[in-house]
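Below are structures written as structure tokens.
Here subunit A shows up in two complexes: once beside subunit B, once beside subunit C.
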Partner chain A sequence: MSDLNTAMTERYRNSFLMEVEANVEEGEWVKMCMQCGVCAGSCPLGNAWEHTPQKLFMMIRAGKREAVLSSDAMWMCTSCYNCIARCPRGLPITHIMHGLAHYAKRLGLVPKNQPTQQFSQIFWDNLMKKGRVNELKLGLSMYFKDGFGQGIKNAMANKQLGQNMMKAKRMNAMEFFGGHGIKDTSGLQKMIKKAQEIEDAKYQGNS
Partner chain B sequence: MTEVIATNQTILVVGGGISGLTAALEAAETGKQVVLVEKRPYVGGRVTQLYKYFPKLCYPTCGLEINQRRAKMNPNLTILTMAEVTDIQGEAGNYTASVKISPRYVNDNCTGCGDCAKAVSAEFDDEYNYGLGKRKGAYLPHRMAHPQRYVIDPAILGTEDAEKAKTACKAGAVDLDMQEETVSFKAGAVVWATGWQPYDANKIQPYGYDRFQNVITNVEFERMADPNGPTGGKIVRPSDGEVAKNIAFIQCAGSRDKNHLLHCSRICCMATLKQTHYVQEALGDEGKSTIYYIDIRAIDRFEDFYQTVRENPNVSFIKSKVASITQNRENSNPVLNGVDTEGYHRYANEHDLVVLAVGMQPSVDKSSFPVDIVINEEGFIEPATENGGIFAAGCSSDALDVNRAVQQATGAALRAIQVVNRVAGTEG
Partner chain C sequence: MSDEKKFAGYICTGCGIGERLDSSQLEMIATREGKMQSCKQHEMLCSSEGVQLIRDDISNEGATHIMIAACSRRAKVEAFNFTEVAMTRANLREGVIWVRPDEPEHQETTQEMADDYIRMACAELRSMKMPKASGEQTLNKTILVVGGGITGMSAAIESAAAGYPVHIVEKQGALGGQAADYSKAIPTRSPYKEPRDTGVAEMIASIEANDLITVHLNSTVARTAGAPGRFSVDIATESGTVNTETFGAIIQATGFKLYDPSNLPQYGYSKSPDIVTNAELEKLVKDANGGPIKRPSDGKEVKAVAFVQNVGQSSTEEGQLPYHSGIGDLIAIKQAMYFKDQNSDCDTTILFNNLRTPGAAGEDFYRAGQEKMITFSKGNVSEVVPGDSLEVKFQDLILDEETSMQADLVVLDVGMIPNSGPDPYAVPMVIDEEDEAAEDTPPPPSVSVDSILNLDYRQGTDLPHLKNGFTDSHFICFPYETRRTGIYAAGPLRRPMDMRQAQDDAAGAAMKAIQAAENAGKGMAAHPRAGDLSFPSFRMDGCTQCKRCTVECPFGAINEDEKGYPMFNESRCRRCGTCMGACPVRVISFENYSVETVNQQIKNVDVPEEFDEKPRILVLACENDAYPALDQAGMNGVEINPWARVIPVRCLGSVSLSWITDSLNSGYDGIVLMGCAKGDDYQCHFVRGSAMAHERMGKVGDTLSSLNLEPERVVVYEVAITDIERAPKLINDMAETVEKIGLSPFKF
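The block that comes next holds the complex of A and B.
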């Protein structure tokens, strides 16, 4: 558990809803939910995860902090926007789901082996190195995320796909050595660092 | 040529539904001169299309009969049917209204014998039955229509049918040369009672009203339950004409929804609870009703009506706004998909027939009012002083049931009377 998590727990001890409103992007909308269930019924992946948006919003209001923030539900959202299109109260549900995922990540409460968040982290680290996504390395990182043996198996399973991509010049093996990037990588990294500081200050101020 | 004798002490009532008719009668019975303008060929409006009223489950025909008799007997009341107000100018105590009267092609010699209808053959969708049935090109809109005069559909003009109707009429009432006319007259006050229309169910895309035959609206269901309706009172599936035994009602279909109507239409919960009685009455223990709802709003004294329905073992309640409807291709059964709020269970329930409890929308669009008037976000008329001598009655002011609409119409009539009394005071 992170220090930020401890601080937030202390500060919003009695109201998880208030915590969500203050810290989660679009979180102030959660109280507007009237529990009609249209989002839950409209979600094409709804039966694949434990907590539908309707359920998560009720859990937030019921103060089930631990269960909400460690849920894998918000990581399963594919951003199809069915829920937003149909919500009779106009809640930006997709955005709230992403907001919850982001906040849970901040607090270090995301389930460790949740594949979407693993991918997100790998993608981010990859992007930050050169300012451009290195697809070859991104693919390899994903293949080998569960160890060397599994990585080889994954690579063999997708051998044909990789070869076809190289033939069609959609992937370049030389990208493995360094790879392409933007002109001013350090400039980008400075910008991101500054943004991180501003965001950290916001959370510190709220805690 | 239609002649309307009116002065600044006349009250103009726009719309002859239950609200307009009530306001007009209440005012006329106090001795005021009243002109009632109605767009349809008859008065009574949407109330004539209801099978029963809640909460007493009595027949609207009963009250209509009384009102129509009051209208026939009152010399102070002039009724213009097939007429629409196109313009109102002036201020409280001194308005000039322009009214467009469409030709009925049948004059007041009509005895209502129906020979013209027998003589013609072309058929058209019957608007009185929301298109569920057919009517002839010469027709009486419904059995109790007042005035009891036939109408000739302009679509048969110039065809053999028109001549047949004219020849068949022994009273010489068919006048195929009748023209549209515009009359203008004075009025001291106006009661605006243009009423409501059902929300267009085609706009609720996930419910497939436009795609699935066995998805209908509550107003259509009302016609279906009526023994004088297009199915003779049988509750049937439009796809195959089979009796529908397992019926779903979806509440808030288009109401309380940012994508549709913002307001709660207030009557739909009671209408659905009433309609479960129709199912029970028609099919007994064989008929099952399932109500999908967000919350049941059985306003004030109707709570006991709701409790009675709750106790009926043939009616079940599922707390959930249905997310979407799909169709079982084999039997054309609608399948309702969603998640229920009490337990978060995912369901895909198959029914024989789905009734959408569509909401109430003002009949007149915000942008097409022929007079300056204060209208709220939902399109209903506000009781604002800026409206001068124009007073809203019934569903043009809010989503109301018949009882409340009538009360409110009486109030509007009183306000209008006060205005013309002031005029009388100054004119002497």
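The block that comes next holds the complex of A and C.
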């Protein structure tokens, strides 16, 4: 359990709903859900999730902190915005889902093998190195995330695609060695660091 | 005006009547067969010129009875409004030319139809008298309001504002009723975010300051006798004194009681003082006086409260309410707000299954509750376990799991039970024999309900109920009417409602009470035949004291004297004629509507001989719904069979069996009776008329078999005003039936 998680558990012992209100982006909307279930019915991936938004919001009100924050549901959202368009109460459901995902990630409660959150982490790390996404390395990182052997298999399976992309000059093998970036990488890293400090301070203040 | 009758006929040739029909033949029939002393044609009778023609004849020629052959009796009523004469209308437009195709091969039958309607209108006119008030009427403007709660006070204030003196009789020692104990009320004004002040104190103050309103506290109604315009009411005080006052009309606003949840052991109501009903919570909140709300057992400030919704309501189980009061969820939101506003950091959870927030305030108030962090959980409560902290066990219906929550206080949403007094028509409980065999079963508890109005009526002491104890009224058309003319029900004894609805209800009932008092003063019917001066008269020398009229009158208008003869109370009467239909010896009649007026119409239809192969179908159509439906069929060009002859009746309940037997005897081939819907969802304007007719016609099969006729020849239907396609089809179906089974053998 992360330190932040421990602190949050202490602070909001009785009301997970209040914790969500204070810490999750757009979290103050959760209490306005009237449990009609239109979001659940509208979600194109609805039956692939562990919990629908409707259920997730009810779990928040029922204080099921662990179950909500370690759910894979919010990671499965494809941001199609069907739920926002249809919610009769006007809840920004998609944003709440992302807010919950973000909060769960911060608290370190995300299920480790959840692929979308793995991808997000790889993407972020990749981006932070040079200030640009190195597509070759991003692809390779994804191929090899489950070990070397699986990585070779993944690469072979997509061999033809890779060759075609190189022929069409859509991919450059040389990018593997360093690759190009922005002019001032350290400047970007400083900016991000500062932003993270500000955000951390916000959570500390809340906790 | 002398008693001499002078008959005048008028035939309109406008609206295509002149082109489609031979009007000179119609004129000839009116004068020769119909015995009109004069008959005039006009190309547009409803124009000012045409109306003037009739007016001149009335004032210059002394016409006392006029027959207008033009459009339906429901059309142009403002133009053809001659109150000083008796009038009939032959329906040539909607009834004939608009329901028949304009083709040469139909010309003959269409003309025959029109001829018959002229004969019928003339025959009816000849047996009619000019209705006038009986002279028994009295004008008494004072209104009695029984019950001094929100509804009663509003009714009194509204009546007084219209200039009518009011007496309020209240059983308790103070005005205000149940609402007097409430802290706040559901909001009635935008933005519907906060509970509002109940306004009870202001209402009491305005009643006390009003010279037109007299208040009788600690009093009940010991006896109510008389009729609208002359109600004589004994007002008994607790100390035993009795005061007799007279009133023009009465408003019953006796409100409701709350369901007692101690019958439901799972909620533990009787086991812990911290489990309270929604009404009891209001008292706790009032006691807190703006400070934190404390629980009754130990006076601890409430930190967690659970509202259990729908307790003993919308249930199919014995001993619970089969209906839902509708406003319980709004009340719970309001009450949860008390805790959010008065107690610091209090968890408020509303456990509902179906959240209902009706009315203008509903959705906004629900949102406001959510904004205040009231938790709404969809769940079925299975048990409330008493203890220092109460445990509420419930099935969470969204998360689909058995779970529970802790609370310092549990509030039960119990339903409203109308306080309407005993039902005069209640069926005594029948114990079937199998139950009696089991000797150890105790007899069912007998519930005695005290009478509220103590009516001195033959038909019982109180207002009849519809179901579940709510007073009967014509829900769609005349919601405040009860089945006792001049006595109006308002507030939750009609249906469950909140304070705002009760106030609207009270205003409506007050207006109706004023109308009833005024009309009683003029000898006119109050509704639905408002303004009708005719009333039934009883030829007592023919009466056999069978009591059918006194029993079957849906409105309790007829009492009995010591010898069992009917004693009619004109202003209680709604002029439906159900008594006329009930009377087996035909001694009851109205001046302008009687067994004779309809019989004459039936007899004067020209019934062709059998080999002509032109059947005749008699249609007796209720003038409230079925007849307008047929009129609209005409307007929409729906075809009606040319063999049909339609006679409007005041209510199917007024149909005398003699009309059926006489018409069958004189060679009619089929009879179609059209009344309104009956039963719990009845639409009969006279409540029981249609049901009575169905019952009476159930026995007509015997008559038919004694005449050796097929039972299919007489059919009774329930027709709604919207049955524009169906009503004509029912007539056309009968024509097909006649074709199948053959013509009546009774033709001459």
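As a convention for this text, the second predicted complex is superposed on the first by the 207 of 207 C-alpha atoms of A that agree within 3 Å, B and C clash if a C-alpha of one lies under 4 Å from a C-alpha of the other, contacts with A are read in each partner's own complex, and residues count from 1 in each chain.
We take it that a contact is a pair of C-beta atoms (placed from the backbone, for glycine too) under 8 Å apart; a residue touches a chain by one contact, two chains touch by 3 or more.
Everything numeric in this text was worked out from a predicted model, so none of it was measured.
After alignment on the shared subunit A, the placement of subunit B and subunit C results in a clash.
Once chain A of one complex is fitted onto chain A of the other, the partner contacts of A:Gly139 are absent, as it touches neither subunit B nor subunit C.
Judged by the touch definition given at the top, the superposed model places A:Gln54 against both subunit B and subunit C. Contact with neither subunit B nor subunit C is seen for A:Gly99 once the two complexes are overlaid on the shared chain. After overlaying the two complexes on the shared chain, residue contacts for A:Ser42 are found with subunit B alone; subunit C is out of touch. In the superposed pair of complexes, A:Leu17 makes contact with subunit C only, with no contact to subunit B. When the two structures are aligned on the shared chain, A:Met34 is found in touch with subunit B and with subunit C. Once the two complexes are overlaid on the shared chain, A:Ala62 sits against subunit C while remaining clear of subunit B. For subunit B, the stretch among 20-28, 74-82, 128-136 or 164-172 that collides with subunit C in the superposed model is 164-172. Residues common to the contacts of subunit A with subunit B and with subunit C across the two structures: 34-35, 54-55, 89. By the touch criterion stated above, subunit A contacts subunit B in their complex at residues 34-38, 40-42, 46-47, 52, 54-55, 85-90. Across the complex, subunit C is touched by residues 14-15, 17-18, 31-32, 34-35, 54-55, 58-59, 61-62, 64, 89 of subunit A. Residues 206, 252, 256-260, 294, 320-324, 337-341, 344, 346 of subunit B touch subunit A in their complex.
Partner subunit A is touched in their complex by these residues of subunit C: 347, 355, 366-367, 370-371, 373, 375-378, 396, 398-399, 403.
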